[in-house]
Every structure is written in C-alpha cells, then in structure tokens.
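Letters are used for the chains, namely A, B, C and D, taken in the order the chains are written, and counting of residues starts over at 1 for each.
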C-alpha cells in the first residue's frame, strides 16, 4: 500500500526517464488515481455519471420490496400450517390445554387415561367430517378409496417383570403389531379388536396412530392467488419407552403442499400475479446489470494491475508486493456479484412458486434472504467514502481480531465450565439446562427420531396400504419389521 | 462567536475613534454583555428582577398540577372503557378465560363449539338486562324502538371443495347474508331461522354479530362531575377466513362518549368544577404572560443584533458572521413560546371537556402532554447557568452526532439482518417475531381491517336499521354488498 | 489540612522559641500524630491495645446474630399472617384461583355471580367451625356472646337510570343499609331478609361484609415460645363504584396480635427464652461499651483541638481554619454511636416482645435493621487504614457529586417524559404503567381508602354491636351514616 | 526473575572465570534457556518432538468424549427418577395441577379437602397395579410378603383451645399414632379405623403416609445396557404445623438404585458395553502417560534449579531469590497432574458403574466433571505461547486483585444492606425474597427436616414392619416415640 501511495505521489521527483515513458507513466498514474476515487470524486474529475451507485440504490429498494412481498406470502403459508397443527391437536388430543407441556403435547399417568386418549383419537377421527371447521378430509388413494388409519403398537417380544422381586426376564427385541381400518367405522374397532386394545403396559414401548388428511388453503383466494392443496401426514405417538409411569403423547405433522389436481375458480381477475411476475423480471434485470457492471470493474482492475506491475517492473525493477495487489481486488465488487447471483436465483424460484410449478418456499427464502442481507451490508461500503464513518469502520476492523482472540480464550474456559456444569449440576436442574438450549433435548429428539428411522426404512417393503399412499406427494407410512397385520 | 467575544473584550485597545462613537460603542458593548448574562448576573448588574424565571417556575408547577388532575380524570374514563370491554367479553364470549389468547379472544376448533359460541352470544344478548351488573342497556332509535342485533354471515358465493380429490370449484366473490332481530326475542331465532344457522363451513368466511349498547359512567358523580353517556358499538366476529380449522373469535368495541340528553342530579354542589375552571384560566394567563415576555426578549435580541451589525459594519467594515447571528436567537425562547401555545390550546380544550361540550380526551392529552414535556426539558436551560452542568451538556451535545453516526451504521447492518432473519428464520418461529414487535401482526390486522372497509363504506346505502342508528353519536352499522335481509 | 500537615512536619525548622514552649509543642505534636494514627500504628507506637476495634468486631458478630434470630422469629409471625390470609380467601371467595387477579382478588361480571359470591360468604361463615383447618373461631364480646357478621350495602339514595334514553335522575348522596346477624344462623338470612338481598345494581355502590375472627398461633410452641393470640378483622368488599359491569371482590384483613388472656402450657422448659434474654442483655452491654469508648474519643479529640488551636494562636497568631477543625471530628465515631443507640433501643424492644409485653415487631425491625446496616457500613472505616482501599474510597467520594449532578439533569428530562408519556400514552397501555409502579394504583387505593374513612370515623357513634367489639385489641367496625339497621 | 534474565543474558560480560567453569556455566545457561522455551522453540532448537502437547490434545478429546457419553447415560437415569416423581405426584395427590405450588405440591384449606386428599392416597395406593403405567409395584419383604403402608398422625398430647376466649391449655409434647396395613385392603381402613380418621385439627401437627415401591428402569435395555432396579421410598406429608388454616401437602421421594437380583435378558449382544470398557481403559492409559510425563518435567525442573542455585552460589555468592525459584515450579504441570488423577479415579468409577457393581453416579460425575474443567482450563496454558494472548492473560492476572478488592468493599455494604432489607422490608414482601434465593426457604426446609430427624432416629427401635424393610437397599421407616400401633 505504502509503495503504491509513494508511487502515486512521486510524480515530481523523477527526471531521469525518457519522455515517452514519462507520458506512459503519467497516464498510468492518472488511471490509478482515478481508480481509487469515490463515485463523487470520479464525477468531479472526469464527469462520469455514477451508474453503478444508481443501480445499487435501485437494487436495494427493489430487492427489499420483493423480499417483503414474498415474506408476507410465506407468512400466510406458515400460519396456515401452524393453525392446522393447533386445530388437529385440539381435535385429536384429549384434555389438550392449548399449549404443549414440554416437547410433548400431553402427558398421562394412569392406564385409564391412556385408553381414554387412545379411543378419543379413534372416535374423533371417525367423525372428522362433522367436527372440523376447516376444509379438511380423509385422503383417498388413486382409486378413490379412503386411506385407512394405521394403529401400531410396539412392545418387547417377551417379558415378565416382577419389580417386587427385583426380577425380570425380557427379550430386548421389539415386536410391532399394526391394525389398519377404514376411517368411517372406527367406532366398531374397540369391540372387534378387543385383544389388540388389551395393552400390557409392562412390555409396551409405544403406540402410534398414523393417518393422512388432505386440505385446501382457501385463504390465498382472497389475495388473488390460486389455492394450494396440502397433505397432512399425522402421527400420534403414545410414548412409553421410558417406562417411568408417564406416557407422553406427541402429535407430529408433516405437511406437504402441492398444486391441486382439478380446479375451477371464477370471479377473480388474476392481474395481480401478472404484475408480480413483471416486477420479478425487472428485479432480475437490475441484478444482471449490476453484476455485469461489477464484473467489468473487476476486469478493468485486473488489467490496470497488469499495466502497473509491468511499468513498475520495467522502470524500477521491483515486483509489486502482495498487499498492493490486494488493493486492486475490490472485495465489495465480489460481494455485490455474489448477492446479485443469489437474488437472480431467488427471483426465478419465486416466479416458479407463483406459477405453482414449485412449492419450495424454504429454498427460495434462503436465496432471497441472503441476497438482501448482503445488499444491505454492501451499503456500508458507500459509507466508507465519508471520512468520519471511515474512521469508525477502520477502528472496528482493527479491533476485530483482538475481540475474537479474547472470545476464543474465554470460550475455552466456558466450554470446560459447560461440560463440567452439565455433568455435575445438570441432572439435578435438568429443566434449566434444557431451557438454556443445551443440546440435550435435541439429542433426545434425535434418539427418538433414530427409532423412527429403521421403521421408515423398512417401509420400502411392499404392502397393501403402503402402495395406496404412493400418489400426489408420496411419503412413508411407518411400519415395523415384525409387523402382524390385523384387519 | 469568537469575533463577538473579542469585540466584547476589546474595550481598551481602541483609541482612534471619535468620542461619540466610543460612547455609542460602549453602550452597545454594555447592552451586549448584559444580554448574554444569566438572570443572577443581570440582577447583580442592573438590579433587574428575574420575572421570566419566576414565571417559568410558576408555569412548571401549574402545568404539572393541571396535567396530573387531567390525567387522573382521563384515567377514570379509560378504566371505565376497559372494564366495560372486559365485562362484555365475559358476558358474550363462551369459555372466555379472562385473558385474550392472542390478538383474538377465544379460538374454537370444532363445529359444535362454533354453534355453541354463536348461540351463547344470542342468548346472553337477549337476557342482557338480567345479566349485566352495570348501568348498560340496549340502544334505542329516535322513536324509542330498540335497535336490533344484526347477524351477518359472509361466504364464497358458490363453492364445492373436495380435499380428498384435491379438487375445488369456487367463486371468489363473497356474499353476505344478514339477519336483524329485536333483542328481546333472540331465543326464538334459532328455531325460526334454522336455515340461516345451517352453516356451510367449507364456504364460510366469517360471521359477524353487531349491536349497540348504551351506558352511563356514574363513577364521575362521586368525584363531583357530571356523568357521561356512552355508546358501545360491539362487533363479535367469528373469523374463518384462514380456513385452517381454527375459528378465531374477536370482540371489538368502539366506544363513543357524549353528553347525556336528559339528566337531573341532586345532592352535590358542583363547586369543585368551578374551582377547576378558575385554575385552568389562571394557567392560561401564566402561559400568556410567559409567551409575551419571551416574545419581547426575542424582539429585543433582534434589535440588538441590528444595532450591533450596524456598528460593526460602520466601524470595522465587517459583516457579522452567521454563527454570531445565531448566538442572538435564543432557541430556548422559541421552545418556551411553543410550549406556552400548546399549553394554552390544551387548557382551553380541557375547559371545554369539563363543561361537557367536548369529549376529545385524546387531542387534549397530546397538547397538554407535549407542553409539559417541553416545559420540563426547558428546565435544563437554567442548569446551563451553572458552570459544571454546562460542561455536562456541552459534552453531550458534542458526542451526539458521533453516537448518531454509529447508530446509523449499525442500523444498516441490523436492517439487512432483520429482513434476512424474518424471511429465512421467521416463519418457523413466528411467535417470537410477533412478540418482538415486527410489523406482521399489524399488517395482519390491517388486512383484516381492510376487509371491513368495503363493508362499512357500503353502509352509506340506505336501509331501515341503518337510519335508525343515526342519532346521538352516529356510526356505521356494517352491511355487505350482496345483503339478503331476513327479518 | 495542609496547615496541619505542615505543622506536624515543621519540627526542625523552628528555633526561635523558648525551651518550655518547644517541649509543650513537641508533646502536642506527638499527641496529634498519635491521634491520627491507625489502631495498628498506635499499638506499635505506644503499645496501646486496640480495644475499640475488638469491641466493634464483637459488636458486628453479636448484632448480626441477634438480627438473624429476630428475623427468623419475625418470619414465622409474618408467614402465619400470610397463610391465614390465603386460607380466608380460599374459604370465603367463590372461585378463588389462588392468586389475586389484580389488586382485587376476584372479579364477577353478572348478577347471578354476585348473588352466588355473596351467599357463599354467608354460608361459609355460618359453618366456619366445620370448615377451617386452623385454630380459628368467631370472636366473642366480653359477655361471651358471639360477635355478629355485619353486612352493609351502600347505594345512591335515589336514582333512576335509563341508558337507552341517555337519561338519568340521581341523588349523589350515598345511603348505607346494614344488617347484623348471629354467625350460626346465617343460613336463614337469605329467606328472612329477601328485601335486603334484592339488589338494585343501577344504584348499588358497594356491599361490605365485616366480621371478626380469633386465632391462636400455635406454631411458636414448637420453637419453645409462648403462643400469641390474634384478632382478624376481615372485610369482604363487593366494589361496584365504577358501574362498569365488573364487580371487584376484595378481601382485606387487619391482623392484630396480643398476648392470650388465659393460658396453660406444659411439657416445655422455657430455657431457650432465658438464654435469649441473657444474650440480648449482653448485646446491650457491648453496645454501651462501644458508645462510651467512642464518646471518650470524641471528647479527647475536642480537648486536643482546643489545645492545638490555643498553641497555634499563641505561637503563630493564626486561627485554625475550619477544614482543619473538621479533621478532628471523626464522622465514623458519630456513626458508631448512632448505631449503638439504635441497637440498644432495638434490643430492649426485642426483650419486651419476647416477654410478650409488646407485639410491635415492625418498630423493633426498623431499629435493629438500621443499626445492623450502620454497623456493617462502619466496617468500611477500617478498610480505610489499608492504603489501596483508601484510594478506592477516595475516588468514589470524589466521583459522587458528579454522578449525582448527572442523575439530577437526566432526572429532569425523565420527569417531563414520564408526565408526558403517562398522559399521552398511559391510558391506552394502562396495565404496563401500573406494572411499572406509577402511582396510579396507589392513588386508586387511596381513593378507595378515603371512602372508608368517613365510615370508620362515624363508628364513634355508639351502637350495640360497636360496643361489643370494644375489648382486647379494640378496633373500628365500619358503619354508615344513614344506617338503617335490620336485625 | 530479573536476576534470572540478567543471568541468561550476561554471557559476554564475564571474563574472569576459569575455562571449565565457563563451559559448565554455558551448558547450564543453554539448559535454562531450553527449559523456558515453548514446545515449538524446543522443536526448532533441539528437534525434540512435543510429546507432552500431543498427549494433552489427545487427552482433551478423549476425556470430553467420555464425559459426554457418561452424561447422556446419567441424564437417562435422572430423567427416569424425575418422571417417576411426576407420575407418583399425579397418582397420589388429588387435584395436583402438574406444577408444585411452592416448595409444597398442593395446599388445602378445609377439613373436607384434607379427608378427601387423605382417602385419595389410600384408594390410589390400594389399586396401584390397575393405575400405574410403568413397571412399578409394592415392595416385598424377604419372605415375599407385601410391605405395608404406614400412616402416622402426630398431634399435641393434650390440648383444648378456645380462640374466642383467647384461652388455651396445651401440652407441647407431641404424640404419634401409627397404623400399618396391607396395601390391597386399604379400602376397608376407613370403615375399620374410623376413630383414627377422626382428626382433631386443633391438635393435629401432621399426617404422614409412608410406603415403599419397587421399579425397574427398562429404558436402558434399548441402549443395550442392563436395566437397574429402583426402590422408591415415598412419604406424603400433610403439614399442619403452622396451624394457619392451610394444610400443605408434600410428596417426597427417596430413590435408591441397585442391581436387580434375578434377571434374564435375551436378544441383545452386549458388545457396546465392552467397547466402552476398552475406551475407558484407554483413557486411563493416556492420563497415566500424561501424569508421568508431567512428573518427569517437574523432577527435571527441580534438578535444574538445584544446579542453577549451586552455580549461582559458587560463582556469585548470591542466593537465588524466592521469585526466581518459583519460576522453576510450573503450576500448569501440577494442574495437569491433578486433572489426570481425577480423570483416572473417575474412569475407574465409571467402569464399575457400567459393570453394575456401583451405582454412585454423583461421585463419578464430580470426578469426571472436575477433571474435564481442569483439562479445558489447561488449554489456556498453550495460548500463553502466543505473544498476543499472553498480554491478555497477564493483564487479566494483574487486574484480578483490584477487582477482588473492590468486590470485597462493595460486598461489605451489600451484606449490611441485605440484612437490613431482610429484616425491615423482607417480611412484607416475603415471596420476592424467597425468589431471590435468600436462605429462608432452605432454613424452613431445614426446620422441617429437623423435625424428621428424631423420628427417624427412633426408628432404631425394633418393630415388626421396620425389620421387614431391612433388605436390598435398607432405609428408615419413620416412627414416633409415643407410637400407638393399631393394626
């Protein structure tokens, strides 16, 4: 850097070079000076209009607008999912208080409550049509037959426990028995399969009710968009694997959206969507322009660097040191180009989503969000042109490594303390550690999930009702390895 | 500033000017010195009593007293409204827990609950007289006929949904059917209009019960003021526009107060109010005095500035620079005058309110509150006369722009981060963002409101029961465009 | 100070004074030096044992021990009161949730609930003996007759309201009707006095049930102290003065403890108490010693100052300046003496309480607490003798006024902001301001209290059941002015 | 230190010593320099591989892994205990809300509730087998007879209270009556022992139901470990010792785990455990190596110090000052050795636990946790070798005493303030002080416990059902001194 500065200022002190060289050097010096100017100075120096700056400002406005529009739309989808989740919990879980107790929704502590909760699920499911307020119904297979509710119970294959005697004889292998029924006749199950519902709590590991519902998100009609169709894969788990006298009831939903297969809508001109597509296209255009302009600048910079190093080498027989070379590669330009590319990809995804040919809101969110973050961070770059802000930024830049180093040192002690605290104190204040985000609950969830995995892997086994579910948005129907089907 | 200071101190070094000029200059110099003195120094120098200071202190005391008196009064009115809100929620919402669940009061999840909640409203309304503890009753029209309860349901004009088949056929136009009944016979509605209450939840967007109640705020009698009469425009909304299986029930009240039409009160001498009016008048007087004194000071300052610049121009052929001119315009005086004007307007409004010819507590609050804030901020001005405080204030003044600049820079990154976080993470932690005040809920409310607007706009349509409500404190009764009246 | 220091160091530079004077001055100088020494240095210089220091350390230990003992005892009494409060709320308030809703315990919103809650109080009161778990029973008058429950309702003397017509005709004077009954026959009230229980909610201001219960705090028996007898003056208020449709139910208890009149206790040797009395006496002794020692030091200091100023005046014809005089008056000694006096008074009170001749725990708490605070603050004095701590303390002392000044300046703006915020924003976020401790609720309480005052003042009126309550721990039984007694 | 440094640098300035001495000194100087080098420099200087460093890094990784593995296991055990606690509370406490109210679980306020809660315990206990979801059952004695439930009530021996008369006659001695029954016939108790259940609340101090349950923690089967057997000593206390009208119900569990006596398990290869044992053994090996290496370094350092001081004494006739001697004793080595020893002990304990020959998870936790903390703290040592971190650490080291001193000074004032605040304000805001962790609740608990102590001490008295419980994991069954057995 110093060398570069000295070079730029040395114009008067050189005299022993040939005139042509001097001219060449002077132009180089002028070009260099010009290159390191701010947009304002460039305008004053050579009258060049700050197109790049204008494009950037335009881009900030447009990308932010686009992000907000997309975010509001996304919000609707997410709230639809969450409210459905709440509605299903209220419909299927007995004595659900409206708030999850912990990571589970309800906990029951005696046998009668387990039976009641289980039969409540079946009863509610069988009369879903008369209960639900929303446009939700049983899923059908391709032939129009209703998909059944599948009820599985998992237990230790063999086992006699006698806690009083401190004696047990157990086979740690798990056995799964499933039952699959037509939704509408669920009432008759209890009487027909009384043997299935004769639970042996000593051996029971869990009961799992899985069924599939279909819903239509009508609310988008009002914002003049096409409604989406949704598949809800509901799993209600009665978890007794702890055998601690507390059966936790989980209700998990996996929601997948897809375009509806057969629709007819009247009364709305879909102008709104067209405007949005045009807007998105314009965003892409602006981003392309910005990317092109920045690429051009980088190319120019590289050429200038080559010229400079050649001259430098010829005249002074010096190699341009690495630091000076770095000065030519403007990191901001790279940032801008990256954010442009992200924005373009995001916009294309958004257009696809709007056209209902894609439903991957999440991926699009990440692209648009990251690009917006980078664009706003890029604003700081323009602040650098103001003297006072520059001081601020330089100070922050200088202080950063020291802060980092301190954090690193403190982090080391903290890590040791955390491990020690977790193991020594943790178990006795379990809740507080779970609240503080220590990865225990995640791990417990993981363990629970892991249990699910083999079951779902084995769902590749062909079976009657597994094949049934293989349409629209395909998905696993869990099923054990030692499955005994009663139907 | 420097120039001015130098001028004031240069008394000895000038000798080459004529005697008259010297005298003239000396008086000017004395006047200038005197002008920049603090009240204390002025008193010591020329024995001038600090009237302005006395008036300011008196003003602080009086305005604060007035504000507290008004605030306590206002508090009574607000708490009356809020307690009525609570009472109505407890009366009309089934299973209301005493606390709103979110922005809605109650959420119901199955069809029976919707019917129950709806009929509960009707039942409770029909027997309001026997239920309510407060002096509240049905509103009457001008002929003494009770205003009816209006029940509207809004639904998609035509629609068949078959979620199982992922198929729908819908007309996105909304249709509104209303029903209007006499309060006292609400019990018979259910049987008479069974077709209305046969809700098709797939198409239903919302149900809206609107009625008007009248109340009298008696509690003011005890603080020796006249009671106000209130109109409560109650709207109970069953919101199913999300079609997510969760029907949210809102109870919104629009409260308007007006003077009662026909009243007779005995047993209280209304002396208290008279004293208050006198006090308010005195506040206005003090504020006027203060404003006049400050205006005089500003006028004097301007004249002094003119004299000074004339002399300066004549003797030294210099123009007084802008900074020195600014020294003459005392910002504090402007502040005082503004606060005085605000206080005067506020006091007049307060007197009107006390005399029951106005009920706009809010506007008056803003005037009085702002004036008090300015008056208290003005106290800092007198602190400036003490050396040590001055240092403090000067430091703060100097540091302010730098702090601002830092905030601006940090804000930029924060904005980008917020947008990114909202879009990428937000949907999955919706609640937390709503809690942190991100404008989502406001926007959702806005969207909900927007839906209300056309309905209320169309209330300009003349209709029997709309005309009925056009008295005392007039207000809209919502009504749909495709209204089919059943009565 | 400087003068003093210079004086102490000038020993060598003086030569022109007579020998006797020199000797006199030298002793003075030695005495002065000795006076300003720390205990350690004193011990090294003249071998004086640091008795004062020893006494202070002993005092800290003893006073803290005494405070903890008293505090634990006090805690028992307070928790007894609080638990009784809770028990009475659970016994007498219908649907009490266990936590007060706001400053009131329960709120009811319809007429039936008011009647139910009112009759619940009467029913529960009439069968108190069969309900309560604790040793609590109806209070008796001197002749052994049970004190009655008094039920008063307060209403506007005359009033017809017609909210529909926005018309009212009201007499703002309040009328109170009371009823007083024997506890055991409360069941028959409802039928016998149906006219009293025919509440006209439009006019009703409040209903107030007052009764007196007696209890014995047996738990102290277990800590080998004599049980106290308690009188509970219970007031249950149904507050409708807002006429907002919300009737707030308050339950206030005034608890007074007194020695039981007739007791016999066996099985416990009351040694414990005797030891405690001896301990208290020893505390008093130590405090007296400490006070005497400090007083002696002050007296010595004053004498030394007189000697010094005489010598100074004679030899140098200078007056000792005020700052130097201040150096002689050791503020710490004053602090110690004050804390000693407080501790002595507190200990005497504590002994009286232990001997059951006093029950004023509060006053004793304040004395003992303040003295302990001062004693601990006094420890800082000894830290001053260590060089490094001294720097700390001096810095803090120096910074204090500046901090104070800043707070004063900021406080001014804050005050203005608070007033403005309260009046402009406050009413619409009432709760948040109440939570932040703004004096609104206090004021509302005050207003409520004020309403109580005339009623209780008028209880000086002689009446049958008022005279009855005039024994043991006398106290008001509220009664209105326009009382119409039905019994 | 300075001396040492000077010594190391003085190589050139000495000339007047014999050649052999010079050589000897030079080697010493080299050795010293080498000793104070960092691992990197050592490698560069003499090519010594940094074995110690490698061992340390390996140790960190292994100990942390081991800790996490153990912690997860421990977590399972603790959560098993906690969930059982919750399950028992839900089974045996009537109207248990799922959250403890304070330190007690439920509070009841009237006599009927006390009876109901008491009979609820008995009823639930008698039908435990049909209720509980987990593998839990009544404990048996050695002969296979079920252990009885023991119900004790404690009351004042003699006592007549008349709160109305402020009179009482009480014997402060406590009497305990116990009843012990077979679990399965608990229903018949109420009728058979109606006299026992005729509680005299005035005299009653507490009722205590104690019983013993056995459970098996099956969940460990799934993580391929042997299940543990557990004994639950349940005590349900109805605490009326306050006699404040509030009976607090506590449910305390003492859980003890032991290896099951008679087990048979099939279907799982216990490979997992073997791998773990090998891993633990390897950890022990690494720690041993690390300890040996560090001990060697310390021994070398001591020898070097001896050589250095000898030479120093001979050549310069100086004694090596204490500070320089300290430089030779590397505190980090001591730290590493201590942590190694802890880790070794912890690992051995862990292996024992895994082999089910020990169940003291807590002791093992402390050993492993502390060793991990020390190991991580030891990482800082290696940061010292980097220049910049060193500055940081030195600064922190230097600032520490000053911070400590300030804290000490502030603590003094805080202590005084705390005592004063507790005694003066505390009682009136009891809850807030309890929340802030002031030792009141602990003390109250202590008092409650203390009451338990004599009871349990007296359980050394031989009695039929006490002997019964003396097997597997022995433990006290509380019993009063004046026990009257009804069975």
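Throughout what follows, a residue touches a chain if its C-beta (ideal position, glycine included) is under 8 Å from a C-beta of that chain, and two chains touch if they have at least 3 such contacts.
On a predicted model such as this, the values are computed, not experimentally measured, just so you know.
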* Given chain A and chain C, the chains that contact each of them -> B, D
* Do the two copies chain C and chain D share over half of their interface residue numbers, or under half; same or different? -> different
* **Inter-centroid spacing, chain D versus chain B (mean Cα positions, whole Å)** => 57
* To do: Could you tell me the distance, in whole angstrom, between the mean C-alpha positions of chain A and chain D?
  => 40
* Hey, what residues on chain B touch two or more of the other chains? -> none
* Each pair of chains that touches, named by its two labels -> A-B, A-D, B-C, C-D
* **chain D-touching residues of chain C, taken from the complex the two chains share** => 64, 67-68, 70-72, 74-75, 77-80, 82-84, 86-88, 90-91, 98, 130-140, 144, 146, 213-219, 221-222, 224, 227, 229, 258, 260-268, 361, 365-366, 368-370, 372-377, 379-380, 383, 388-389, 392-393, 472
* Of all residues in chain D, those that touch chain C in their complex -> 101, 107-112, 114, 156-158, 161-173, 201-202, 240-247, 402, 405-406, 409, 412-413, 415-417, 419-424, 426-428, 430, 440, 443
